[in-house]
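Can you keep this structure in mind? I'll have questions shortly.
Labels run A, B, C and D following the written order; every chain starts at residue 1.
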Amino acid sequence: MDAKEIIARRVAQELRDRTLVNLGIGLPTLVARYVPEGMLVAFQSENGIIGFGARPPEGMEDPNLTDAGGGFISALPGAFAFDSATSFALIRGGHMDMTVLGGLQVDARGRLANWMVPGKMVAGMGGAMDLVAGARRVVVAMQHAAKGEAKIVPELTLPPTSARPVSLVVTDLAVIEPTPQGLVLRERAPGVAVEEILAATTAPLTVPDTVPEMSL
Amino acid sequence: MDAKEIIARRVAQELRDRTLVNLGIGLPTLVARYVPEGMLVAFQSENGIIGFGARPPEGMEDPNLTDAGGGFISALPGAFAFDSATSFALIRGGHMDMTVLGGLQVDARGRLANWMVPGKMVAGMGGAMDLVAGARRVVVAMQHAAKGEAKIVPELTLPPTSARPVSLVVTDLAVIEPTPQGLVLRERAPGVAVEEILAATTAPLTVPDTVPEMSL
Amino acid sequence: MSTQRKALTPEQAAALVPDGATVMIGGFLGVGSPRRVIDALVARGAKGLTVIGNDTGRPELGIGKLVVAGCVSKVIVSHIGTNPVTQQKMMAGEIAVELVPQGTLAERIRAGGAGLGGILTPTGVGTTVAEGKQVLTVDGRDYLLEKPLRADVALLHCYEADYYANLTYRLTAQNFNPLMAMAADTVIAEPDEVVPIGVIPPDHVRTPGILVTHLVERPH
Amino acid sequence: MSTQRKALTPEQAAALVPDGATVMIGGFLGVGSPRRVIDALVARGAKGLTVIGNDTGRPELGIGKLVVAGCVSKVIVSHIGTNPVTQQKMMAGEIAVELVPQGTLAERIRAGGAGLGGILTPTGVGTTVAEGKQVLTVDGRDYLLEKPLRADVALLHCYEADYYANLTYRLTAQNFNPLMAMAADTVIAEPDEVVPIGVIPPDHVRTPGILVTHLVERPH
C-alpha cells in the first residue's frame, strides 16, 4: 500500500452515513474510492454539484459536467446542480458535515496552511478558507513530511488558511488530533514506530500510553 | 371617469418601453390595464413572478400562481418564477425601473408613509420599504385627500416608509413632483382648478406659470 | 445522498414541532404554505410558537389559522394587514408582532442558512425599522446591519419531492420555502407529489435532500 | 418582457467590451465560460481589462487565454494555481492579482447585484484576507465586512436562451454565471442553444431576460 492509499483509506474511516462531504482536489479525491460498503455519503464538488459519480467512458463526457479540478464526472440519480453562492451557502452555513483538504503545514494549535508559499508558489485559496471556516469537521490529508522537511510544525511559517483549528490530521505515518492542549498522536500507520513519527514532526506531540496501529 | 381610473391612466403614461415595473396591491394594480399600445412592460409581482397575465377563466386557476394580493393570475410566454431573495435582489439591486405604490401621506420633502397608522391600523410594510429604497423611480398613486383630510402634508405624522423622497405623486386631482426645492404642481386633473388642488393640500406647493391639464 | 425517507403523516410531522418552538413557515398569503401540517398543528393545539413567515395570511388561510387557533405567541413577518385577528390579538397583548421589510426578511433568513453574520441593506434607513440597529457607511451610503434569522423548525411546501427529499417548487408557491430550507435545525417538507429518485433532473432540484430532515406523505 | 433580441456575433459582443473595462467572466476552470466571446476578445487584442472570475483557467482554457494574450492588467479571483502564466506575469509585475476566497467572491458579486452594502462572513478572519478590512462582532463571533463587487460588463455562458434572453444553465457550467448576470451594467450572454419565447418553463428560467442586455448567436 503506498502512502496515498494509506491516507485515503484511513480518512475514509472518518466518513459517516447520510452526511454531506467535500473532498479537496488531489489526494483528498481518492477518499471517494474507499467509502465503506453500504454507507451513503453525498459528495459535494464546490463548483456546483452534489451526487456525482465516476468519469464517463471515453467519448461520453459532458463538457458542462466536471469536478472542481476540471475532470469529467457523471451525475448519480438524485443529483443536485447549483450556482456558486448556493455552493458556499451550503459550506459556510454549517450544512457540510466534513471536508477533506490537502495541507502544506499544520501547527501545534491545529491551524492549517495550504494555499501559498511566499516568494515561491501562489495557488490561491480557492474554496479552502470557506471550507475550513464552515465545515463541521475538517480533516487534513497529507504526506507527513515533504522532502525531509517537517510539515507538522510548532508555528505556521506559511500564511494560514483559517484561524480555526482543524479536527484531524491523517498522514502516511500517523493520525494526529489537535486539542486545546496541543497535538495528540492517536494512531500509527502499519509498521511505523512512534519514534519515527516524533522524528518527522517538529511540533510538540503528546503521546498517550497506547498508540494503536491504523486498522486498514 | 372615476378617481381611480384617472389615477391609473395618468400613472400608465409614466411607463416606458422594455422596463421592469412593480405595481403595489390595490389601486396601483389598475395601471396594468392602461399600458400604451405596442409598449412592452415586464410587470413583477414581488411574491415571485415576472411576466404575468390576467386572471384565468373560472375553474382554470392554479393555486400555485397568484399575485402579491393573493389573486389568481396567468403566466405569459417567457415568464420567470423565483424565490423571495431573488425577488428583492431585483428590487434592491437597482433592476426595477419603476414601482407604483399606494400612499397614506406624502410630505413636503417627498417622503412617503404607507404602512401604519399608530394606534389604529398596522398593515406592515410588506415589500414597500425595499421598493422605495431600491426602485429607480417611485410613483405614488393615491387619492388626493381622505375624507376631507389632506394626505399631502408639510411633515409626515405617520411613520415613514423610507427617508428617500419619491419621484412623482399622482392623485385624482393632480400630478405633483417632489424636488430638492419642495413639491411642484405639474398637472391638473381634467376640469380641476389650481385653487381646488391648493385647498386640498396642506404642504407648500410651488405652482408654475402654466399647469397643464392631464391628457388622458 | 441521504437514504430514502419514509414519508410522515401531517400529524406525525406536527408532533415534531415542540410547543414554544421558533418555526419558519413558507408561503405568501397561504400560497406555498404547508396546509396539511398547519391543520395538524391546529388540531393538536400547539402552543406558544414563534412564527417566522412573510405574513399572517387570512383568518382562514395559511399562518392565519395558527394565529386564530391561539397557537402563536409571536410573529416575525412583513405584513399583517390581511388578517384582522392578528391585529386584534396584538392590541390585546396576546401576540407579539415584529415587522420586518420583506426583502430584509428574505436576506436575514438567507444569511441564517448561509452562515453569514449579517447583511447591510439600505432598506429601512431613516425609519422605525432602524431603531436599535447599527448603521454602517460603505462608500458614502448608509446601510442597516441586519442580523441572520434561524429557527428550530422549518415547515415547507413544495411541488415535487423525490425519496431523497430533493424538492422542486412551483411558480409563485416558491417564495420563502427554499430560503427557510437552509435556516432551521429540523426541516419538514410537505409535497404535492412524490416521485422516484432520479425523476427530477439535477438542474431542476431547488432544495437538496441533505437539507430536509422529514418528508410528509403526498395528499390522498 | 423586453422585446426580442437580435443575436450578436462573438466579434460584435467583444466590441462592446472597452479596453480598460472591469469585466466579470463566468466559469470554473473554463467550464461555463463564454468561449467564443473570449476568443473574439483575444482576436481583437483587448487591453487593460480587470477580470473578475473564479480562476484564471489554464493557459489554453477559459480566462487563461486572455491572460496569455496580454489582455488583462488585473484579476480578482479565488485561484491561479492551474495557470502558471498568471503567476509568472504576477512575479514580473505585469499583472495584479487580488485573491478572494471563493465563497466570499460569490457573496460579494451577489451583494453587488442585490443592492446590499456588504456581507459579514467568518471566512478569512485571522488570515491575510482580513488585512485592511473591518471586523464586526455579532453575537460573540467575529466576521469580516466584505464589500459588494460590480463590473462594467458581465460575459456569461448559458445553456439555453430564448429571444427575451431568459437563460438556463447546465450542471456545473452554472457556477458564477447567474450571480454575475445581476452585477454588471452591460450583460452579454453566450448560449449553446436559442429557443423561441415560451419554450422554457417559468420555473426553469434561472436568469430573466430583463437583466441581459445582449445575446450572442448560437454556435454554427
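The rule we apply is simple: contacts are C-beta pairs under 8 Å (C-beta built on N, C-alpha and C of every residue); 3 or more make two chains touch, one makes a residue touch a chain.
Everything numeric here is computed off the predicted structure, so don't read it as measured data.
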Contact-graph distance - origin chain A, target chain C: 1
Could you let me know which interface, B-C or B-D, is made of more C-beta pairs in contact? B-C
Could you work out how far the Cα centre of chain B sits from that of chain D, in whole Å? 35
What's the distance between the Cα centroids of chain B and chain C, rounded to whole Å? 29
Chain C and chain D have mean C-alpha positions lying a whole-number Å distance apart equal to 32
Could you state the distance in Å from the CA-based centre of chain A to that of chain B? 55
Multi-chain contacts in chain A: which residues touch at least two other chains? 49, 75, 81-82, 85, 88, 91-92, 133-134
Got the chain D residues that touch at least 2 other chains? 107, 110, 114-116, 121-122, 169-171, 174, 202-203
Which of the chains are touching one another, listed as pairs? A-C, A-D, B-C, B-D, C-D
Provide the residue numbers of chain B that touch chain C in the complex, in ascending order. 45-49, 62-70, 75, 81-85, 87-88, 91-92, 121-130, 133-134, 159-164
Can you tell me which positions in chain D touch chain A when the two form their complex? 28-32, 54-55, 58, 77-82, 87, 90, 97, 99, 101-107, 109-110, 121-129, 159, 169-179, 206
Hey, which residues of chain D end up touching chain B in the complex? 1-3, 110, 112-116, 162, 164, 166, 182, 197-198, 200, 202-203, 205, 208-211
Note which residues of chain B are touching chain D in the complex, please. 17-18, 20, 40, 42, 49-51, 75-82, 85, 88-95, 134
So in the complex, which bits of chain C are touching chain D? 107, 111, 114-122, 136, 138-139, 141, 143, 145, 147, 168-171, 174, 202-204
